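We call the chains A, B, C and D, going by the order they appear; numbering starts again at 1 in every chain.
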Amino acid sequence: MTLLARTGSGEPPPSAPRPGRHRLLPYLLLLPGAAWLLIFFGVPLAQLAAASLYDPSGSLSTGYAMTWAFGNYPDVVQAYWPQFLRSFGYAGLALVLALLLGYPLAYAIAQKAGRWKNLLLVCVVAPMFTSFLVRTLAWKTILSDNGALVGLLRDVHLLAPDGRLLATPFAVVLGLTYNFLPFLVLPLYASLERLDPRLLEAATDLYASPAQAFRRVTLPLSMPGLVAGTLLFFIPASGDYINAELLGTPNEYMIGNVIDSAFLVRLDYPQGAALSFLLMAAILAVVFGYLRRAGTEEVL
Amino acid sequence: MRTPLRPLSRRGLLTGTLGSAALLTMGGSLAGCGTNGAQQTEAGCVSEDLSGTEKKLAFANWPQYMDVDEKDESKRPSLDEFITKTGIQVTYTEDINDNNEFFGKVQNQLAACQSTDRDIIVLTDWMAARMIRLGWIQKLDPANIPNVQANLLPSLLNRPFDTENRISIPWQSGLAGLAYNGNVTKELRTVDELLTRPDLKGKVTALSEMRDTMGLLLGSNGHDPANFTAAQFDDALNKLKKAVDSGQIRKFTGNDYAPDLAKGDIAACIGWSGDVIQLSGEDEKVRFVAPDSGVMLYSDNMMVPNKATHKSNAEALINYYYEPAVAAKLAAYVNYICPVKGAQAEMEKIDPELAANPLIFPDEALLSKSKVFMALDEKQEREYEGKFQQVIGA
Amino acid sequence: MRLSRWLADRWVMIVALLVLGYLALPILVVAALSFNRPSSRLSYDFNEFTLDNWRQPCATSDMCDAVVRSVQIGFLATVVATVLGTLMAFALVRHRFRGRSGINVLIFLPMATPELVMGTSLLALFVSAGVPQGFWTILIAHVMFCVSFVVVTVKARLAGMDRRLEEAAMDLYANEWQTFRRITLPLVLPGIVAAALLAFSLSFDDFIITNFNAGTTVTFPMYVWGAAQRGIPPQVNVIGTAMFAVALLLVGLSSLRGRRARRANLLAGPPGHLRRSS
Amino acid sequence: MTGMARETPAGDLRLANLTKRFGVFTAVDDLSLTIEQGSFFALLGASGCGKTTTLRMIAGLEEPTTGQVLLGDRDIARLRPYKRPVNTVFQSYALFPHLSIFENVAFGLRRRGIRSVDDEVTRMLSLVQLDGYGNRRPAQLSGGQQQRVALARALINRPQVLLLDEPLGALDLKLRRQMQIELKRIQIEVGITFVHVTHDQEEAMTMADTVAVMNAGRIEQLGAPADIYEFPATAFVANFLGQSNLLAGEATGAGGGDVAVTAHGTRFSVPAGRSRADHGPVHLGVRPEKLILVGSADQVPQGHQHVTGVVTDASYVGVSTQYLLRTGWGTEVSVFAANSGASERVPVGSEAVAYWDPRHAFLLPRDAADTDRTSPVLDEPVGAPS
């Protein structure tokens, strides 16, 4: 297929790089950035990997000995699996919500907004310039027990008279959805913008109902953006702890909170490091599994 | 769909991940010999004092823990006066938000006997104790801080982690007790009420500082927070856990409970006297309660960390803030317990009402109820902190 | 009947506007609070309208220093990360070379790593290397976590670009450098600008990694975090609102200016898009 | 731009043993041909036959695996594209979207360091009839206008060779005709070598002096359009260039200036001069317009040959009527009858006879497994008189 495309007159191929001439060029281009990442991300991560295998009975004042304590891993799983599950549960729930909210938004901006397209797009991006903390604190104000929103919900009996929004799983999921929604919308928008509306007309012409046209045409064609957006949403959301901390209660704490506490409060570095690596591994596993299901080869 | 290249494919990700794992293992084996202890000794980590030649001082403190001019919030009257008087240029930063977080920021330097670029840091008792235990703090020269020797409140003298009063000098003190908002709930008297009263369900917060929350709970069980056993600790912790599991306690907080308490989103909490006094100033229905089972007395202490190069300048500042008139000026703004004897008399001149406030100048009755949490060694600290963290969700 | 028809035609747009409202809600609260004279330091409730906060945004000591510092760091980090990331994106899109998947993972992993982990482990590196923390260590950290996002954003734009335009330029006597300067760069520029905006917002907003590597330097998010512990001064809301307004203005202006170019770019493939994580 | 003697003609363009492989796939296979200086040369072939790759090797956008590209005596096969006196009009036009029409056209001149380009560009825009369009952007132009910009952009450099990569493919029929004529006019005016790649046989025949038909990386036949059409070299050419009726048969040897052929039990003959084989399996080919349809064998004139069958389809296409005649052995033969009014229309279902002058037939060698071939009736009767 690709071979045909190469020589087909319809699609002139990109010129093949000239061997020899550019052999060193890619490395030169990569060198500064890759070196930066290797030194300031790779090396610290390697040290952290080592720390996750330190003797858990060490301490700050005596230091930690390297005992290749692989047992740290099962230990933290046993101690913190509920938080792991909760992290992925909340992030997954937030993802579903974000998809329900973000897909129509991206679709509307890409296909329906006409000359308002840019303005709407700016409205999606601009909140990111206001501090994360300021925004999350604003949510605290909005969801507050004595705020207008809760009052309204109580009046229409959607909430019990003593019900609340703040400090519930709902608030945490809402916060996660809110904070990471732009990451989902933007790649999705980029994908949907390329969608030719004539394809949908063709589908309806071929007896597809709007729902079928969406499922058979729009959705598959927006897949690259959907995959990228889903990952960019899910990855940071599952590692987040600020939302759980500010909008939740201890019963909503996620694995990020546990890592935070391991490093900062309990000073249990082997555990903290092991938890961090487990989180990364879990995220990678989810990413692999998801990509397999999504049936796409492209990640980002 | 045109895919002119495959930026990162699943297969690529897999091989790449395996490759990186190999790289990590290599890097890891470099760090494979473990880490050295963080413990320092006076002989092993010697700090130089350049105060003679450098009239400078870097002072790191908590936010809003220093008096500011009401008309011009960029001016700090008491600090400016010190600068004028001594000619020592003070760089004042408010970058301590949390004991643990700050410890995380400076521990690497101090463990390696490197400078933290700060000459004075202000930390709470237990954290001060930990740092002193690790040998990270310089001893002050008693001759340079005569005001401290003369004016430090007797109840704060000779604390277990600083028996000579020359390592960590209280900046401000405070009480951890109960607080409630009378607009949304009725009066509250005991810790047990806080943890069990049904009308408070989901409207209660406690402090994430283990010593404050657990100290009050130990007291409520009739045990002494200054001297308890592991079993007693577990008892108190179980009590806390029940309150968490039942949903009575909504959250464990730092200072951020205060706006919620003022608003009535939370009805009652374990809180700190200074915050509650400020809230009472706005709304007298917000009240601080010192339960009969005891309140926790804590201090935030000035310390000169290792490798800080302006110890004498720091001593000059510490001594200055132990002048009663200066201390009164500061206390009038920050509303915490003033650790300086004689400040109350000075306060009469500034604001007689504050001078009469037992939460700033505590009377004997209150002081007799107040306890200081037991000093923990590293092992105990880790064990108790670990258990506590598990209950509070992290 | 007519209403349901109308709804059926427009429900996507209606949902989109509702979602935009959801996105804007907290900003509205922040904007409102920026005109508030709070009843006390510890109260976030709207008390009384005032313009004082806007008249004297720097009345609170240190806050404006922190804002200026954040802007400086954001600017420098943006420049460095954009240059490094763009170079990498070019290498990845335009060249075949060995070690490609390794590089891809190196770029992917920082986006999948919890910030706390990056912050603490980078601090450990600085300390063991004896590097004093401050402005420059913050800058290094910011460049580190921004690079990946720049690469991803520029790559998307570059991949969507028609290589034939460059061939045409070469055919018309432009050598490699001239082709890059006259054709490639102008066409990839929207992607690079988007990446730069993204990098700036990431840098300006970062708290966790910065906090660990800041030494005694205080950035705006650190200031907010600290202030949140003891009561946020209303001027913080002024800065938040102003940043939002500036962003709106900036992107609005660039989209106005770019409107003509964008129309022309239809041939060159899809516009670059933003991707971000925090 | 050293060593580029633009004003003096460099001579013929010669491709010598040019081969290009992509991995295991051979796109161009040992191609050799000479394109005379100043000629209009068309490279014709189906998608994927290697014609575009050949063009890209001449332009310098693809490096040959082996072989030479000679311009006069100089081998330019390994020169960078911007060092060749060769310009290309791309299939997609590849106009720079961020530059105005004026700057698009001036691009090449500016790259060669020429400062005052105004006159030249204005002249060139007027040559392609786009006066006054200089300030627009490519996206604001119609397809035909864009095509002319692409042409102007290349021509302004007075290249020694101009490459045209299916430049008319995206245009509608009327515009295409117009542009074909215009291109031809310009080519005569500027007198440079044009190499035109296309899959449209009519376009190739209308415009080119010489046509090369390419198939699977090789040239099947090269020559003047009329020669190729009248006497194709292979079955592929016979069917790619216009339509042909090819009857599978066995040649039984030459004699008396004719080659005898047996097909489906009937004996035919073809003049030896129009036979590319005189033994073994062959295709006997006749173009549909060379066939004449009559009611019965009596009406076949002396010296002509015929087949008999039933008319299964008659399509009226204006200038002609196209019939399908099912022969006794089941093959359908295509017949075009000019609607000159000289003959009556034959109804579908009636029996009819198609005859031809043997001098219009041709004989091609055939793979033994190959059977009859008749092109289907096309929507657009290519090769039919129009």
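One rule holds for everything that comes next: a residue touches a chain if its C-beta (ideal position, glycine included) is under 8 Å from a C-beta of that chain, and two chains touch if they have at least 3 such contacts.
Model, not experiment: these values are computed from the prediction.
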Reference chain B; chain at largest CA-centroid distance: D
Which of A-C and A-B has more C-beta contact pairs: A-C
Intercentroid distance (Cα basis), chain B paired with chain A, Å: 35
Chain centre separation in whole Å, for chain C relative to chain A (CA means): 16
Between chain D and chain C, distance of the C-alpha-averaged centres to the nearest whole Å: 55
Chain B and chain D: spacing of chain centres that average the CA atoms, whole Å: 87
In chain D, residues with contacts to at least two other chains: 61, 90, 92
Interface hub residues of chain B, defined as touching at least two other chains: 4, 7-8, 11, 13, 17, 20, 98, 101, 104, 111, 263
Per-residue multi-chain contacts in chain C, two or more chains: 44, 92, 103, 106, 108-109, 120, 124, 155, 163-164, 167, 225, 228
Interfacial residue positions of chain B with respect to chain C in the complex: 4-5, 7-8, 11-13, 15-17, 19-20, 58, 60, 62-65, 68, 72-76, 91, 93-98, 101, 104-105, 108-109, 111-112, 114-118, 254-256, 258-259, 262-263, 275, 278-279, 281-282
Chain C-touching residues of chain A, taken from the complex the two chains share: 12, 14-15, 17, 22-23, 25-27, 29-30, 32-34, 36-38, 40-45, 47-48, 101-102, 104-105, 107-109, 112-113, 118-142, 178-183, 186-187, 189-190, 193-194, 228, 232, 235-236, 239, 241, 256, 259-260, 263, 272, 276, 279-280, 283-284, 287, 299-300
Contacting residues of chain B [partner chain A, same complex]: 1, 3-4, 6-11, 13-14, 17, 20, 23-39, 98, 100-101, 103-104, 107, 111, 133-134, 202-203, 244, 247, 249-252, 260, 263-265, 378-379, 382, 385-386, 389-394
Footprint of chain C on chain D - complex, ascending: 1, 59-61, 80-82, 86-88, 90, 92, 94-98, 107-108, 111-112, 137-140, 153-154, 157
Complex interface listing, chain C residues touching chain D: 162, 164-165, 167-175, 178, 182-183, 186-187, 260-261, 263-268
